[in-house]
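Next, two complexes with subunit A in common: one pairs it with subunit B, the other with subunit C.
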Partner chain A sequence: MISVKNLNFSYTKKPFIEHVTFEVKSGEIFGFLGPSGAGKSTLQKILTGLITTYTGSVKVNGTEVKQRDNSFYEQIGVDFEFPSLYEKLTARGNLSFFNSLYKKQGDIDALLASVGLTADAAKKVADYSKGMKSRLNFIKALLHDPSILFLDEPTSGLDPSNARLMKDIVLTEKARGKTIILTTHNMYDATELCDRVAFIVDGEIKALDTPHNLIMSKGAAKIQYTYLHNGREEKGQVSLSKTSEDELLARLLRNNQLLSIHSSEPTLNDIFVEITGRRLQ
Partner chain B sequence: MRTKALLKGDIGFQFKYGFYFLYLVFSVLYIGILFALPFEWREKAALLMVLTDPAAMGLYFMGAIILLEKSEKVLNSIAISPVKSREYVLSKLLSISIISTAVGLAIGIAGGVVSNLLYFSIGVFLASCLFSAVGLIIAANVSTLNAFIIATIPASLLINVPAIAYLFGFKKNWLILHPGVSMIELCSSGQNAIFAFLVLVFWTVLLAALSSRVVGKMLQAVGGVKL
Partner chain C sequence: MRQDMKPSMKPLLRSFGMFIRQISKDSMLIVVCIAPILAAFFFHFGIPIIEGLLCEFFRKTTVLTPYNLLFDLFLSILTPYMFCFASAMLMLTEYDEGMTSYLAVTPIGKKGYILSRLLTPAVISFFASSLLLLYFALTTWAFMMIIMVCLLTSLTSIAVALLVFSISHNRVEGMAMAKLSGLMMLGLPVPFFLLSNVQYIFAFLPSFWIAKLGMEQNVLYFIPALLTSLTWLWILYRKFERKLT
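And then the complex of A and B:
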């Protein structure tokens, strides 16, 4: 679906995106994870054909992006991080206009309903809250039922329930067979949604794997427990792989003396910091 | 088909954003001024108003429209849609020129200068397309309204001054090669109206083609790269 080989690009003479190579399979959610300024948005702009002055090969849907024609965009949907809407038009007016630009046209009512905007469909976008604009912007990208979706920070600025709603729609679109490129610095979104993630720092891919494999590759899953000793609460910790060797834990278990016990896995953020030496947020 | 959809959208936005209301206000104002002028002045005054107002309004309105689309980041969505730059330009020019022609006709009829309806309408329509194309080229290259207004001054002078000179007696035939003059000649159904029509078509097509190129680059620049 997407094939990138030895991609290089820079806005200036100084190298920025360097030697980037990866593939995204059809029906996969692929995440670009990195701090601000790492090159995530630039990569998305290259994949969506907005930047064509790159070297190397970037194929999307079998088309070399720098040789794309305008029919390329019939199969691509982009949800920008910022609203890209006519403020004085209603939500329905915006969707109707953008819908009319594509050969395949979507069901506006169904899309409005999917993000809870039916009741506000006749309201001007200028009167929308930030979260409402984000939801409207998101369904605008789905209008023409594209096979590839590019989502730039889709849950940014949303309250938890709307973020949940958005993530559920992303998963539904994946279940419908869409390929989704998610650009984010939100490790929770990436862990929950992505089949694979690429860690991007300074224009380079520092690691690429499933969130689970990245977390487990560091083998740092631990068991942490607390117990009473001489009237004081003490803490114990042991690697999950060495639980049977922890005699204190075995004794506490036998004597029902544990106050608490839980397993602790590193987050994607921990792994990101370990691999790249940078923080995500 | 897509141009039709864009045109429908553009007319809708211009209506919602109050451009048509402004056209109406200006039309009423200009017609009122025309009737306040002595009868013998009306013909020239009407032609001057058609040149500097409905035809030239595209220059300023186009700037406002493009800067608005830039500020609302709508161009980003256009850039990743199947819309071609020539479709975008065609829709913009047509949307402005249709209303300009209607307003121009209203002023022209009120001023009693429309001796040939077809010539007059084509003259205003093509001139409006031309001015709008110039407005588009300027707006694509600036980011603020102030910068746009400053940049339109030389363009406005370049188009209007020879036309005004021709209208007020400097009637040299070679001047018809100038787009503003050719519009005056065509709208007033002068002796060289057919030649003026061909000249105006040439300039309009040339500037429309140029604006299409500029829009292509502007949409690419949404990616952050100046080509």
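And then the complex of A and C:
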């Protein structure tokens, strides 16, 4: 669905995006994870054809992006991080305009209902809250039922319930067979939504795998427990895979002497820091 | 390279429709667009009246009449200048709203956006200024001269729109830049008042050559006028495209 080979690009003479190579399969949610300024949005601009002065090969839906024509945009939907809407128009007015640009046209009422904006459809976008604008901006990308979705920080600035709503829509779209490119610096979104993630720092892909494999490759899950020893609380720790070898833990379990026990898995953020030496948030 | 070629007509028309719709919702831009018509009426009917009053006051046979061609030239540039100013203001609003980048990733595309926001207003203003010149000019114009001058003033006005949009960050800065861009028209009165070769200091301005073309009625002046316009367009388009990305 998407094939990027030896991609290089820079805004200045100093190299920025360097030797980037990856493939995204049809129906996959692929995440770009990295701190601000890492090159995630630039990569998205290249994939969507906003930037064409790159070297290497970037194929989306079988089309080399440099050689696309405007029918290319019938197949992709883009949700930028910051809302791009006509403030003087109503939500319905905005959706009607964008709907009219495509050959395949969506059901505006159903989309408004999916993000809880039916009651505010006749309100001017200028009067919308930030969260409402984000939701409207998101469904704008779904209007023409594109086969590939590019989502840049889709849950940024949303309250937890609306963030949940958006994530559920993303998962529904995946279930409908869409390929989704998710750009984020939110490790929880990436872990929950993405089939595979690419860690991007300073314009380079430092790691690429499923969130589970990335987590497991660098640090296995551990069990941590506490118990009393000579009247003092002590801590114990063992890798999940070596639980049976921990005789102390076995004895404490047999004698019901544990004060607490819980498993501890490294997060994607821990792995990101370990691999790249940088923090996500 | 086949980059962003041939935007199809439907999205292009929708985009231009949105351009008109946005202007109709902005009272300042409505005034800007009808200003050339008001100016045409003023030049055509007001200036002869003022001329009569001035001649009577100064006891002269002519005061403004020698500059009638200059008024006509101003009229020829006013329509495209105002249309392209409105376009630049609208593009700055769209830039603020994040629409500029977004429309480039729809079937409108980057080229379609440029066509609907710059080229189409310039083409309309070409016809509008030709008509105004045809019916409201104070001097007699040959048809071909009207076509040449209005083509050049439309090209110059696109350069003005590119200048205003590329250098300004928002509408407030755009307004200030638009006033500054009025200097692009400074070349028009130069051949009327600077008769020595010093006038060629202004040769980098397309408006200077447009005035020479109008005064001398020599089609050869069309060439430097076109070349200076295209040079300005080339320089400013590169800045404009960087801002679009």
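Quick note on the criterion: the second predicted complex is superposed on the first by the 280 of 281 C-alpha atoms of A that agree within 3 Å, B and C clash if a C-alpha of one lies under 4 Å from a C-alpha of the other, contacts with A are read in each partner's own complex, and residues count from 1 in each chain.
Please note the rule applied: a contact is a pair of C-beta atoms (placed from the backbone, for glycine too) under 8 Å apart; a residue touches a chain by one contact, two chains touch by 3 or more.
Here the structure is a predicted model, which means the values were calculated and not measured.
Asks: Once the structures are superposed on A, label A:Gln67 by its partner contacts, choosing first (subunit B), second (subunit C), both or neither.
Replies: Once the two structures are laid over each other on A, A:Gln67 reaches subunit C alone.
Asks: Let me test your reading of the model: by the given contact rule, A:Ile76 touches which partner, first (subunit B), second (subunit C), both or neither?
Replies: It touches subunit B and subunit C both.
Asks: Report for A:Thr42: first if it touches subunit B alone, second if subunit C alone, otherwise both or neither.
Replies: A:Thr42: touches subunit B, not subunit C.
Asks: On the A-aligned overlay, A:Phe97 touches which partner chain: subunit B = first, subunit C = second, or both, or neither?
Replies: A:Phe97: touches subunit B and subunit C.
Asks: Taking the two structures together, which residues of subunit A meet both subunit B and subunit C?
Replies: 45, 48-52, 70-71, 73-74, 76, 78, 80, 82-88, 97-98, 100-102
Asks: Considering only the defined contacts, which subunit A positions touch subunit C in the complex?
Replies: Per the stated touch rule, the residues are 45, 48-52, 66-71, 73-74, 76, 78, 80, 82-88, 97-98, 100-102.
Asks: Going by the contact rule at the top, pick out the subunit B residues touching subunit A in the complex.
Replies: 2, 5-6, 8-9, 12-13, 16-17, 72-74, 76-77, 79-84, 220, 222-225, 227
Asks: Which residues of subunit C touch subunit A once you look at their complex with the stated criterion?
Replies: Within the complex, subunit C contacts subunit A at residues 1-8, 10-11, 14-15, 18, 22, 25, 97-99, 101-102, 104-110, 112, 245.
Asks: Please output the residues of subunit A touching subunit B within their complex, sorted ascending.
Replies: Its residues touching subunit B are 11, 42, 45, 48-53, 70-74, 76, 78, 80, 82-89, 93, 97-98, 100-103, 140.
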